[in-house]
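You will see chain A twice below: alongside chain B first, and alongside chain C after that.
Our next item is the complex of A and B:
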């Protein structure tokens, strides 16, 4: 009996999680079937039914911009309509930056003399690839430690031994995912609808300390062995700036639930990688013959600088 | 004025909610600490 009830509780949680993830996905207009980039200069819109030729050919009916800059409209060079009048191809004067999601505002769609209302559409690269690029971007290409120089105090403090470094990295990733998802939820469903965005830093700091405290309390009871291993680092996580930077980034870029999750996981594992690399080098430095002036932190700073130089090799790389 | 009041109310509610949540969690996941540990620590010099 108890077992069945436990399963029900689990299913309930999964359902909740599913709903939570679904709300993060954007809903498109009911009359527009799909949007996609084509080549470097084109965007293809597919409609559910035939649209009026006069409507489709008018360039004034389209306003296209990159999601972060709604003020800068992209210059349209031409519009073409397919034979069956369901596919519109927009051609632009300049090449599109496909890294950014683009928004298209359509003025009142006319189809067979009937109005289908206006529409605001999003064009993105293939979604799975986009998610992976967010993940790898946060993890390696835009590594928070080596390219944004965030979270350095904890980075230098816990990278003396490999075991400490890995412990800190794993704890950090766990807390990061929990707090980032909570922050995303709070931002999208509480702060933004009430126009309280200016309070985001205050709320995010509160959420970070909340999740640290919650993990501390729960882990202490549920898994004392794990708590002994991670407990020391939990307090340090609060003092880390990456954990505050991630909620701010995902609030600024209007990420949805899945993208936020990827960013959080990427930032966490990126920090883990950075800590592990650094601790491997510092363990060797212990036995190396370092000039007395440079012993300890100075040589660690130099090492971190060399790592940052190496990570510059990834900069500007685009995947998918 | 009105927006300030809304902000105060919302933040207050969030804080209260989380506080209650944490308190409940602390109660549910309470760990019994051995009282002797504290007694022994009190008797010791405790310079560190």
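Our next item is the complex of A and C:
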């Protein structure tokens, strides 16, 4: 009974944290219901009530720019207002780069003769879709093992048996998520404000060792059975470059908390998939008749090369 | 290998050939596969690793008596991370183009198993001079491996060597593909195994 209640409290905390992170990043205005890209040249704004036609048609009321370059305003070609006067469609002269979030500054929204104040809006690609694409991108399209060639030592070391492969993959994913989130927090709230970017490497590797130690201690206390199964792999996690590559990538790309989480989960599961595929092949190779000079690692490398060729088929794919 | 005393030259050559980090110990494979598309990349990353290996080996060897055994691994990691930060900033400042191509791999030298392994197995137990020689040997071994791989892939893939046109055309474009890194390393390892096998047979015949 007590255990269940403890779990509920935990879930509640996680939920609260999730809501905080979800809402904390948005800069929406109370009068604006939604913003979205439409086609290649258009942005659609939906308001909560009808707006004045004279206000909506005036191009001077809109200033649109890409988030990284606030100085470069994008050229507007025209504005159209829907019949019920709640939806405004902005048309641009050039195609929009939808990979970047765009900001729109609105001057004094007028609705039924009343001013609703100015607004600063963010336009992003459909957000859930974007998160899924980060996740799948890290997992399959840009698989860390087969297309970025990271984490190979551990990959070849632990892919001899399926059970080992799965154990390593699961342990790795757990540690990956924990250390990536800590690194994101440290980078965004400590390193960046204090302009200590150059300490990235030292801080991230420290956090990785810390999270490995933490997972070790927690697992030992909370679930000794699980620790017995996965404890041996914890030491190996540190020797894996992916665990350091993910914090560096998310610091480089300025990902926010959710994107970082998705990248970490994707990297972990991608590693798990790669290990599982490889171990399935290597179990069969045990019984195959391999030339003596190729036995062991050389044939494993060539198998991995074939996998990498297959994974090249995913390259350039984009979802959503 | 720390148990048997070796002369300095033996230390140097064991890193280069019989204990070559890439082909024999199969450690720090990621860059060997990932960015060995040209000789230049191989040379630059090889030098970076050599630098980090030598300086961290010397640092650890010099302060080994002051490190508590229980915290030795974190100490090694932080030492390596410091030297990697140094080389990372230096490369970014002086060879920005090549640095961009090598991307994240320079920073990932921290996670190379080979460096930590040499610190744990050699530098922590030996005085400064042998540690230095051992580090130079290992670093040169890595450099040698990277350059060999880079040369094979550059000549076969794009027909050039260090940017100079060598063959006039591109005989096997396949080798410039990223996936070919796995194949090249696999073939090289097989060749090393084959040479070892031949030597063994020759010895057996003699004996």
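One rule holds in what follows: the second predicted complex is superposed on the first by the 206 of 320 C-alpha atoms of A that agree within 3 Å, B and C clash if a C-alpha of one lies under 4 Å from a C-alpha of the other, contacts with A are read in each partner's own complex, and residues count from 1 in each chain.
What we mean here is this: contacts are C-beta pairs under 8 Å (C-beta built on N, C-alpha and C of every residue); 3 or more make two chains touch, one makes a residue touch a chain.
What you are looking at is a predicted structure, and each value in this text was computed from that prediction instead of being measured.
In this superposed model built on chain A, chain B and chain C occupy separate space and fit side by side. In the superposed model, A:240 lies in contact with chain C only, and not with chain B.
By the touch criterion defined above, A:79 reaches neither chain B nor chain C. In the superposition on chain A, A:202 makes contact with both chain B and chain C. Contact with chain B, but none with chain C, is seen for A:194 once the two complexes are overlaid on the shared chain.
When both complexes are overlaid on chain A, the residue A:44 reaches neither chain B nor chain C. Chain A has more of its residues touched by C than by the other of chain B and chain C. By the touch criterion defined above, A:214 reaches chain B but does not reach chain C. Shared-chain residue A:222: touches chain B; no touch with chain C.
After superposing both complexes on chain A, the closest C-alpha pair between chain B and chain C lies 12 Å apart.
In the three-chain superposition model, chain A touches both chain B and chain C at residues 199, 202, 206. Residue ranges of chain B in contact with chain A, taken from their complex: 3, 6-7, 10-11, 14-15, 18, 21-22, 25-26, 29-31.
Taken together, the chain C residues at the contact with chain A in this complex read 26-31, 33-34, 73-74, 77-78, 81-82, 84-85, 88-89, 104, 107-108, 110-113, 116, 177-183, 185-187, 189-191, 193-194, 197.
Chain contact summary for the complex, chain A toward chain B: residues 186, 190, 194-196, 199, 202-203, 206, 210, 213-214, 217-218, 220-222, 224. Note for the complex: chain A touches chain C at residues 146-153, 156, 198-202, 205-206, 209, 238-241, 243-245, 248-249, 292-295, 297-302, 304-305, 308-309, 311-312.
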